[in-house]
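Mind having a look at this structure? Questions to follow.
Note that the chains are named A, B and C in the order they appear, and that numbering of residues resets to 1 at the start of each chain.
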Amino acid sequence: MTGRDAAYGAAGLAVLFGVAEAVPRLGLVSRDFLPPASEILRTLGHELTTRQLWSALGDTMSAWALGLAIAFVLAVALGTLIDAVPGARAATASTVEFLRPIPSVALIPLATLLFGADLGSSLLLIVYAAFWQVLIQVLYGVADVDPVARETARSYRLGHWTTLRRLVWPTALPYVMTGLRLAASVAFILAVTAELVIGSPGLGLRIQLAQSGGAVATVYALITLAGIIGVVVNLAVRSLERRLLAWHPSVRGEAAA
Amino acid sequence: MLEITGLRKVYEGRGRVVEALRGIDLTVERGELVCVVGPSGCGKTTLLKCVAGLLAPTAGQVRLAGRVVDGPPPGMAVVFQEYGRSLFPWLTVSQNVELPLREKRVPGPRRTALVQQALAAVGLADAGSAHPWQLSGGMQQRVAIARAVAYEPQVLLMDEPFAAVDAQTRADLEDLLLGLWHRLGITTMLVTHDIDEAVYLARRVVVLSAAPTVVQEDLHVDLPHDRDQIITRSDPRFAELRAHVYGHIRAAKTDPGRPPAGTMKA
Amino acid sequence: MSRAARLMLGALRVLGLPVLLVAGWWAWSVWRPSFYVPSPQRIAAVFGDVWLTARLGDDVLPSLVRLLAGYVLAALLGVALGTAIGLSGRLRAATEPALEFFRAIPPPVLVPLIMLVAGLDTAMKVLVIASGAIWPVLLNTIEGVRAVDEVLSDTARVYGLRGPARLRRLVLPAASPQIMAGLRQALSIAIILMVIAEMFASTSGIGHTVVLFQRQFQIPEMWSGIVLLGLVGFLLSLAFRALERRVLHWHWHQRETHA
């Protein structure tokens, strides 16, 4: 991004802020529906000084991290296994294709029954949603190994473990990282959703409480915070991706362009 | 037909100023086939894009049939080097050839006839319903040529049209172009880095200097009118002309703006 | 291998594991009957009674109509705005940070907000679905429109494609692989939001009914609702894939031949 683009972007944000400030102040929209932007930011500032908010954030982010980690490990392990066992890919394809599009929120009633308003509910939803994102990418990735490279490995009589470590994983890594990036944002969405709908402690629950209490500015402030966290999660995973894949042509190409 | 006067193009961006064309003066008469050659990086493509109206010149102007070019003019067709990227992959071969005619509001029956004639002329009469990506590189470039021909342009511009195909296909396409030119007499300006190709195809070869670019030499090719891949290329005169152009380009690379010493007079 | 044997093997590949999984579930539920996890047989038995009677018109259909309305709204707005933004470099630079922010907001948090503003009716649910599903469409359209191949774009200019014709014959087809990718993401977001909006505040719809069953401890009925939501997700994704195959056939083939 060039400096000029950044200036335009900042101007765009400023315009957005100005409109969100002016519209309620001019009475175009009632303040009960949209408080002025400055008020939202002030409320957010105030919220950030409270212990409750930070503990809610801690709950949300630890559910996010734990769920993401479980989903990631499961998906990578299963993906590698499917690749290693002959015929497994063909045998599992239909099941994967059927289970993947099932909306994870369909599991909300089940989660409520099994775990109640607790971390377990959040984890069930997060893991289910994030798992498929990673698994699909792992399966793409391991399928992308060049057949010639595979035969080369076999002709040099490399062992299974060496082939996996030196050939399959490096090839699949960019795909796995894509899967992780997608899964990270999906996991964050589901973490907040579980809190919002089921009532597990966290940011989502606070939004729900603010809404039922009629604290409009707080609702907006917390949604803004959720957006900011979402951006931070995206940026963090992208920078991790860039660091891990610095050697990879896809990243190098991007940097050159 | 095509007059280029004092054409200058300077690229500015990110604190770097690059003078690609310093001042080009060049006239192409109606029905002529002119090849433009020059060392790599000399701004051949920039020149072609300015002529096509795809780039605005910094100074000077291009006139087509007396009218100043300030955007792609009607009556001009361009064949690009990257055939794979210049055909619409979501359209069939016929639809690709037909699309410009649609935009020109050519009536339906005439359109169909033009498409069929053009495809037949490039030897692809049966490939109309295929998609471009189902064809080989040479065939794709034939489609691009057919599209240009069907458009019935006054001027045909070609940017390294045969640079990305294999040698045999290249020879075929060169002869295809010559055949079309003989039959239709379209004013043609072809940019290439290949000296042999330029001498083989052209009635006139324009040699550009290294950047910042000027016209270094404007050479009349006095080879027999009918060209043949074997006979023409083994003509001693072909070798002389080729050596002459080559000398100019080598000189242009080392010392731009000065004609080489000791080359024969053309 | 004979034709019959190949067919058998194909059927085994597609159906083998699902049959095995359901059989395993069934065996488990016989061996260790659980209140929370009824046998597949029991769920299948209540499925017809629950969903294929009056609820088909009262709950299933309204859900699907809202879903479709919100999705189509998001798709139209997303593509239209995305094209406008994508065509202008300045507009793109100016909107990018704001759009990145809006995209990063988890769409379900919009449910309480939009409830607050628009009340509890159908319009609210359609608005919730549209406001969550629009972002992937918008951002992918911008990216697709921006990345139209330069040579192709020059070709179109040379041959006089301008204005609406340029949009219809060059920009939108060239961006269609990206746009379809956005529409695919938007579809799963739309389903999620439909379910959540109905769970939150509704008197009808699949999501509402499933939560009702759960609160009343009608476990097999609740499970049949989960299965129904799964089927809806699966069938919509099948339908989408069929659409994608029609729209993007050239794209897939092109990639195959160039790979």
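Here are some notes:
Note that in this section a residue touches a chain if its C-beta (ideal position, glycine included) is under 8 Å from a C-beta of that chain, and two chains touch if they have at least 3 such contacts.
Since we're looking at a predicted model, the values are computed, not measured.
Path length between chain B and chain C in the chain contact graph, taken as the least number of steps between touching chains: 1. Set against the C-alpha centre of chain C, every other chain centre is closer than that of B. In terms of their C-alpha centroids, the spacing between chain B and chain C amounts to 49 Å. Inter-chain centre distance (chain A to chain B, centres taken as mean C-alpha positions): 51 Å. Our note on geometry: chain A versus chain C, Cα centroid distance of 17 Å, whole angstroms.
Those residues of chain B lying in contact with chain C across their complex are 49, 52-54, 71-72, 74, 76-78, 80, 82, 85-86, 88-90, 99-100, 103-104, 131, 133-134, 147, 151. Partner chain A is touched in their complex by these residues of chain C: 13-18, 21, 36, 90, 93-98, 100-113, 115-117, 188, 191-192, 195-196, 199-200, 207, 210-211, 213-214, 219, 222-223, 225-226, 229-230, 233-234, 236-237.
Note for the complex: chain C touches chain B at residues 149-152, 154-155, 157-161, 165, 169-170, 173, 176, 250-251, 253-254, 257-258.
Residues of chain A that touch chain C in their complex: 4-5, 8-13, 15-16, 33-34, 90-95, 98-110, 112-114, 185, 188-189, 192-193, 196-197, 204, 207-208, 211, 216, 219-220, 222-223, 226-231, 233-234.
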